[in-house]
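My questions will all concern the structure given below.
Letters A, B, C and D mark the chains as written, and numbering starts fresh at 1 in each.
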Amino acid sequence: MGTTLPILILAIPFAMFLILGIGGVKMSRKLAGILGICANGTLAVLAYIVAFTYFFSGDAAFILDGVRQQVQIFDVTWLAFTERMVVNIGFLLDPICAMMLVVITTISFMVHLYSWGYMEHEPGFQRYYAFLSLFTFSMLGLVVATNIFQMYIFWELVGVSSYLLIGFFYKLPSAVAASKKAFIVTRFADLFMLIGILVLSYYVSHTPADGPLGGASAFNFLMLNSNPGNVLASTVGATFMGGSVLTWAMIFIFVGGMGKSAMMPLHIWLPDAMEGPTPVSALIHAATMVVAGVYLVARFFPVFCIVPDSLTFITVVGAITAFYAAVVACAQIDIKRILAFSTISQIAFMMVALGCAYNEPVEGVHYSGLGYMAGMFHLFTHAMFKALLFLGAGCLIHAVHSNNYTEMGGLRKYMPICHITFLIGCLAIAGIWPFSGFFSKDEMLAAMFSRHWFWGAWMTMVAGLTAFYMFRMYYMVFWWEENPKYRESGHKPHDAPWQMSLPLIILALVSCVAGFIPFGEFVTFNGEPYHIHIEPSVAATSLTVAVAAIALATVMYAKKNPLPSKIKNLWPGLWTAANRRFYWDEIYQFITHRFIFNIICRGIAWFDRHIIDGTMDAMATVTQWCSVRIKGMQSGSIQTYVIWYFIGAVLLAAVTWICIL
Amino acid sequence: MLWYLVPSVIMFAAGVYGFCTRKNMIALLISLELMLNSADLNFVVFNRFLFPGSMEGMVFTLFAIAIAAAETAIAIAIIINIYRAVGNTDINSVKQMKF
Amino acid sequence: MFSNFLIWFVIVPVIMMAGLACCGNSNMKAIRTVMVVCSTVLLGMAIWLVCEFLDMRAAGDTSEMLFTGSWMWYEPLNIHLAVGVDGISVLMLLLSAIIVFAGTFASWKIDPLPKNFFLWFALLSTGVFGFFISIDMFTMFMFYEVALIPMYLLIGVWGTGRKEYSAMKLTLMLMGGSAFLMLGLLGIYWHSVPAGGVPTWNILEIAHNSAIAPSWQNLLFCFTFVGFGVLGAMFPFHTWSPDGHACAPTAVSMLHAGVLMKLGGYGCFRIAIYLLPSAAQELAWIFIILTGISIVYGAFSACVQTDLKYINAYSSVSHCGMVLFAILMLNRTAMTGGILQMLSHGLMTALFFALIGMIYGRTHTRDIRQMGGLMKIMPYLGVCYMIAGFASLGLPGMSGFVAEMTIFFGAFENGDMFHRVFVIAATCAIVITAVYILRVVGKLILGPVQDDHHLTLTDATWWERFSTATLIVCLAGIGFFPNWINETIQHSFTPIINALNMAI
Amino acid sequence: MDYSQFGAMLPELIILGLFFIVFLFDTFSNEGGKKLLTPVTTVLFGLATVAIWLIPSCGDTVFGGMYVDDSACKAMKAILNVGVFIVLLQSAKWVESDEVAIRKGEFYELLLVTLFGMYLMISARHFLLFIIGLESASLPLAAMVAFNKKHYESHEAAVKYILTAVFSSAILLTGLSFVYAFSGGSLYFDDIRAELSSGSTPGLLICALAFMIAGIGFKLSLVPFHLWTADVYQGAPTAITAYLSVISKGAAAFAFFVIFVQAFGTLYSAAWEWMMYAVIIVTITIGNLFAIRQKNMKRFMAFSSISQAGYIMLGVMTESALGLGSMMFYIFVYVVSNLAVFSVISAIENKTGKVGMDDYDGLHKTNPWLSFAMTLAMFSLAGIPPFAGFFSKILIFTSVTASDSMALYMLVLVALINTIISLYYYLLVVKAIWINPGEARIESFRSAFSERLALWLCVGGIVFFGLVSGIYQFCVESAATLV
């Protein structure tokens, strides 16, 4: 494959950003919208071409005797720190990259289309499309990164575009605050990532250039992944607080991923990020950007594998987060927040799956890399149905002008398309056959069980919770009891215009069929195809759990009944705690404002004004003071003058004389 | 020779003391004269006892005396001006400019 | 002598002053014409110089300094007017030219006494250019002080707020620094040659002789580094900077934070480290601690300021601390990062102060609590401010990111725990920077409009757009294509690195 | 006796001749002629100045070595002449004021006599001649200080000056008499040097040195022998103040160098290095500390000139040709810078009679050129490039640190730190002129031609003396003949 397509894939969205960003002010909304959509359509087409050529062309460059290869389409020097630390900007094509290309461009296109209807009347329409293009560019750059530093660069860029999009309604203080929070939290995580990169690259770059790692740049993925054992060797057994330096480096790098993927305890920004326009939430905070962390782990999988502690760390973090988010999601009333927490929980699912994977055969496990494959698979399917859900939620909000399901209820009569598609989404995420969620989740659970029964059981429970809260929301929105406002108020909620409905339908279809894609043929940890087969036991358990959860939800929420409030009143404390997300925000608020801002910052500022500055001023004051004190010397009387004169002369003589003696 | 230096030292000390304590400007002038003369005396004495061969000290003394005379003349003139201006010759009456 | 190209960097500003002197006292048209023409000429010269320099390097001219020339000045003390440039000084000249150019437009409507303002402004730029072209310590020092003193009048007469106090404080502190510096230079001069030789002020000769005894080196290093460090806003000698910047008029803040503070960093490695390498090896740790403190310290105290200019002054403390910090790491990559940081911080801060000046000129307040939602009112300035902010918090694609990354990766090359700890402390600054930048952006540019009187305000005028656009283009230029600059600088550090290695 | 020896004294003779011309003219001319006195004298003196610059120094010693005429002395005299010429120019207007006009002849005569005295001080190589020069330089000054008959301050200044002067000359003579005790009967500098070269330094000799320093330090107004300075500068007519502050100081500084290097050079490290060390530090610091508070420009300049004297004395610490050259250069630059300030002061005083610093508020609004000149002068005094003061300071520092002793480095450090204080109060004046708010208190006026000429000369010097290295070259080369 030539370099033209890849370059275009990066160039088009960036060009769109510049065009819309600079020229947008002069453009009409229609023109801007059409430009954006067309550009993204072309982009999607190009991405598909690239992906299909990669997967199906059978070109020896891409698949060599059955093993899919990692190919650097191009890799140009951008900045050379030292001869071994060279930052390149390039295009690395391999299964997960190709898969991500498809996901990103598809969702992005859907969102562009959808936004045309959704954002129609918002001021700054052009700016919105510019930012979307910027995000698409950054995300693509991230997934095609050939080296960790390029990834870090685009990592920051997606952070910033997410900041811009969350804060799109910049006149609302809440939106501004949310965007600030999102950026700073992720930036804080990126700090760890940066330190991790520093450590890793330091040790790698200090291996001899003719060593096993070769002379290539210390950041390069291919070099690091090709023989990770030597990476570990390159740290010459340096350790820090018990763990090997490499372990720490990888954990730090993963912390960066935790920030972007909203793992605990860095998850707090994602729910607030829902302040942004709903399509944005669908694109960035459900489908693409938030899975960057997962992608990072997958990208570095071989290196993670040689420091098992880091994998364990990932698993634990994921497991805790998944459960936490699921529980919190059960107690939210804002549908976007419910979806946000479900996103967190689902991403955590993928994390656990990755954490449960090996890259070398283990006895008793028939396919050790299953977790990797499953995680990626779920990434794919989840992107589709979660985007679907968010867009659906967007339609609801569009129709009802509120985020809370308390304002909704009984909407199924009014918005059939939205209802059906939303239902499909819920079934998919709940993991009901034959929807896509079922297949990916089943594979993941299988992987977890194969690692340790505990993880399997734990995550099955989370899956059950997922099914429960999703259907809770579904029923509260579409069934329960019809909100009386619809009848008296003149305008009834109705289905959205075609630009908005079309993406829903497309995504719904994808969610129905995506499960049947033989994903293992395409994406595995080592490129060798793997034939997916359903694990009967696991499938059975997860299905039963899911169905049971749905049944419970039906009992509780299908019709208006006092049962939910009863249950709520069993443990009111628990409910409020869950509803307040177990007070994480308050804790952070306390640390940042009360402590860092009020004590450290103010303290330092005070110190600067009064101590440092005071010292400087004190010098001046002391000089002045001296000059006032000695003025008596100049008393104006000749006799004092002469006395000084004489004493001076004598003193001069005397002192010198004494010194000489 | 020490016995010749003692009076000059006394004169010098007396001159300094007088200059620092007296209030009348004329008295100040007189004390100044004492100091100058003690210096002259030194010259003469050193010349006479240390270097009997040469005359430089003596010559120097003559010049010094002349200079002292000139100084006194000018000082007197200025003191008269002061007297005209403030009506007395009290040293404490001329300390307007200070600090 | 006039055949040497570099000399003209000093002559043109002098011509500028002469031209201004001929203008009528309030004949803005003539004054502007002179300023625009001369600053454009300077910019052109600088760009031409860069191209020419790169060509000569490409042509394989590996001598340490190019365009060198040396003319005897004070024969009894062997003082020459010696000029020459390497990659670093070339870039610094370019930076200065850009900022002088932008500053001219930023002070388009200066009042009162426009003529005198530009006269002192021109004197200031004379000093700056002269400093960067000279390789003779005496002339270097002379131009250094030439650049310092106009600050007093520029701030005192055209400033705002507690201008007398700030101007006096700034001048006295900087002069205090240069007092120590002077002593250091004298010491270097008298020990510059092995016993019996004729002492020299010429940096290159001193470096080649490397005759200064270690015992003296340590003393002189402290003197020179502190001397330059004061201008580099090193903790605890930074306190002139917030007040000075807060009270200075726009163009002066631009030039001062943009270029003048760079004189400090430049001198630190060109004289303190290059000429006193063994002392540098020995004593760097002291100043690493100080600069490390100023990085974090400046960032933290910027978080609570409410005056826009104070915020940027403190962030300058933090960023300039980064410069000195990098230079003290004594390895090629980090020092390169230091220079990149100088360039980026120069452009960035100039942009910031230009914007603040423009906003202040409209709203007549610099208190962020009294402003808000400017994006709605003056979108162009708002966008520029956000861009400057992103550059400052190290967004990829802006120069700040390149500089900071180079510094961190270079600094991390020093393997011992001491350096590690301070490097990691320094990296934390990027988060704190994000905090205060976003705080300002959120309060000032975004959010609801605070004061309804602001609704009537207008967006940027053409000259304002011009000066800001110039700077933004440069920022993005470095951010997108850093490598050629990076290579130029790295190559220029070779002699210094060699000196350091020999000193071990 | 060989009268051709007088040929060597050409500078002195020229001044003397001028004196007689003025004297006769003043005595015998009628009212109409008197009007011409000022221009004639000024022009003639200008010619004399040029002549002294031009005539070559025969460099021989006459009167048995009492008097030498080497290029160093001649250079110094030439420098002083320039200063005196500028003083004459800036005083011309004041001299013509009806209060002084009747006595202008005396003014010129006294001035010329003192100048003659200073010439003798500079060229003297024997203490007798030196004392004669010193006294004839200082006594007439007392009369000149008292020149403003109508003003009480003038008298007070005069009495303070004369009494302290006599006291100090008494001290000086006493010290000299002690020196004489060790001099082996001869008061020639060279003989004394030869006598004292035998290492040991008895207490009496140290006492003698201290008294000598005190005696000459009086004319240089070194601390603590300076207390008369402020009052006298404040009380005396501005022209005289200018004359006192630069000319007599310059001459005394040169003589100081000659005596302590030629006569007592061997006792340098033994005795007087440390005396001067202390005196210089105290002088610079105390002068600065007092100057901070001053509100009257003339008094302010008095203290500034005290600390400047400290810097000048740094040259003595080197006791090398380089040091002397730097010192002469410093004096020259100091002459032009200080006289520039005094030109502005006297211009304003002659016009409005205002000498308060706060009268200068907003001066730039009414008199931009005077403000400009004043600013340049202040920068030059503070040692700011590219003005001459910067170069003179740095060059003198450089020559001091030439001898590789840490003590001298510390001395320079103290001096450097003091420059910051001095910068502060010099900037106060600049601040008053440019920054202080409020309406200008001095109306706009056009100063007399002579004043403008003086001012232009000074500004020219301030701007070019530093940038043109020839003058420093000249000073160092001519100094080389002496050391």
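Keep this in mind: contacts are C-beta pairs under 8 Å (C-beta built on N, C-alpha and C of every residue); 3 or more make two chains touch, one makes a residue touch a chain.
These numbers were taken from a predicted model, which means no experiment stands behind them.
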_Any chain in contact with subunit B as well as subunit C_ = A, D
*Going by CA means, which chain is nearest the middle of everything shown?*
C
*Selected pair, greater C-beta contact count between C-D and B-D*: B-D
*Let me have the rounded angstrom distance from the C-alpha centre of subunit B over to the C-alpha centre of subunit D, please.*
26
*Centre distance in Å when subunit C and subunit D are each reduced to the mean of their C-alpha atoms*: 42
_Separation of subunit A from subunit B, taking each centre as the mean of its C-alpha atoms, in whole Å_ = 97
*Mind checking the centre-to-centre distance between subunit A and subunit C? Centres are C-alpha means, answer in whole Å.*
37
_Interface hub residues of subunit B, defined as touching at least two other chains_ = 19, 28, 94-99
*Residues of subunit D touching 2+ other chains?*
159-160, 163, 167, 171, 230-231, 293, 424
*Of all the residues in subunit A, which ones touch at least 2 other chains?*
620, 631, 634, 636, 638, 642, 646
*Which chains touch which?*
A-B, A-C, A-D, B-D, C-D
*Hey, which residues of subunit D end up touching subunit C in the complex?*
322, 325, 364, 379, 384-386, 390-391, 394-395, 397-399, 401-402, 404, 409, 412-413, 416-417, 419-420, 423-424, 427, 430-431, 434-435, 469, 472-473, 476
*subunit B contact footprint on subunit D (complex, rising order)*: 127-128, 131-132, 135, 139, 142-143, 146, 149, 152-153, 155-160, 162-163, 165-167, 169-171, 173-174, 176-178, 180-181, 184-187, 230-231, 234-235, 293, 299
*Which bits of subunit A are touching subunit B when the two form their complex?*
631, 634-639, 642-643, 646
*Would you mind writing out the residues of subunit D in touch with subunit A in their complex?*
159-160, 163-164, 167-168, 171, 201, 203, 206-207, 209-211, 213-214, 218, 223-225, 227-228, 230-231, 270-272, 274-275, 278-279, 286, 289-290, 292-293, 421, 424
*Inside the complex, what are the residues of subunit C that reach subunit D?*
73-77, 79, 113, 138, 141-143, 145-146, 149, 152-153, 156-157, 163-164, 167-168, 171-172, 175-176, 179-180, 182-183, 186-187, 189-191
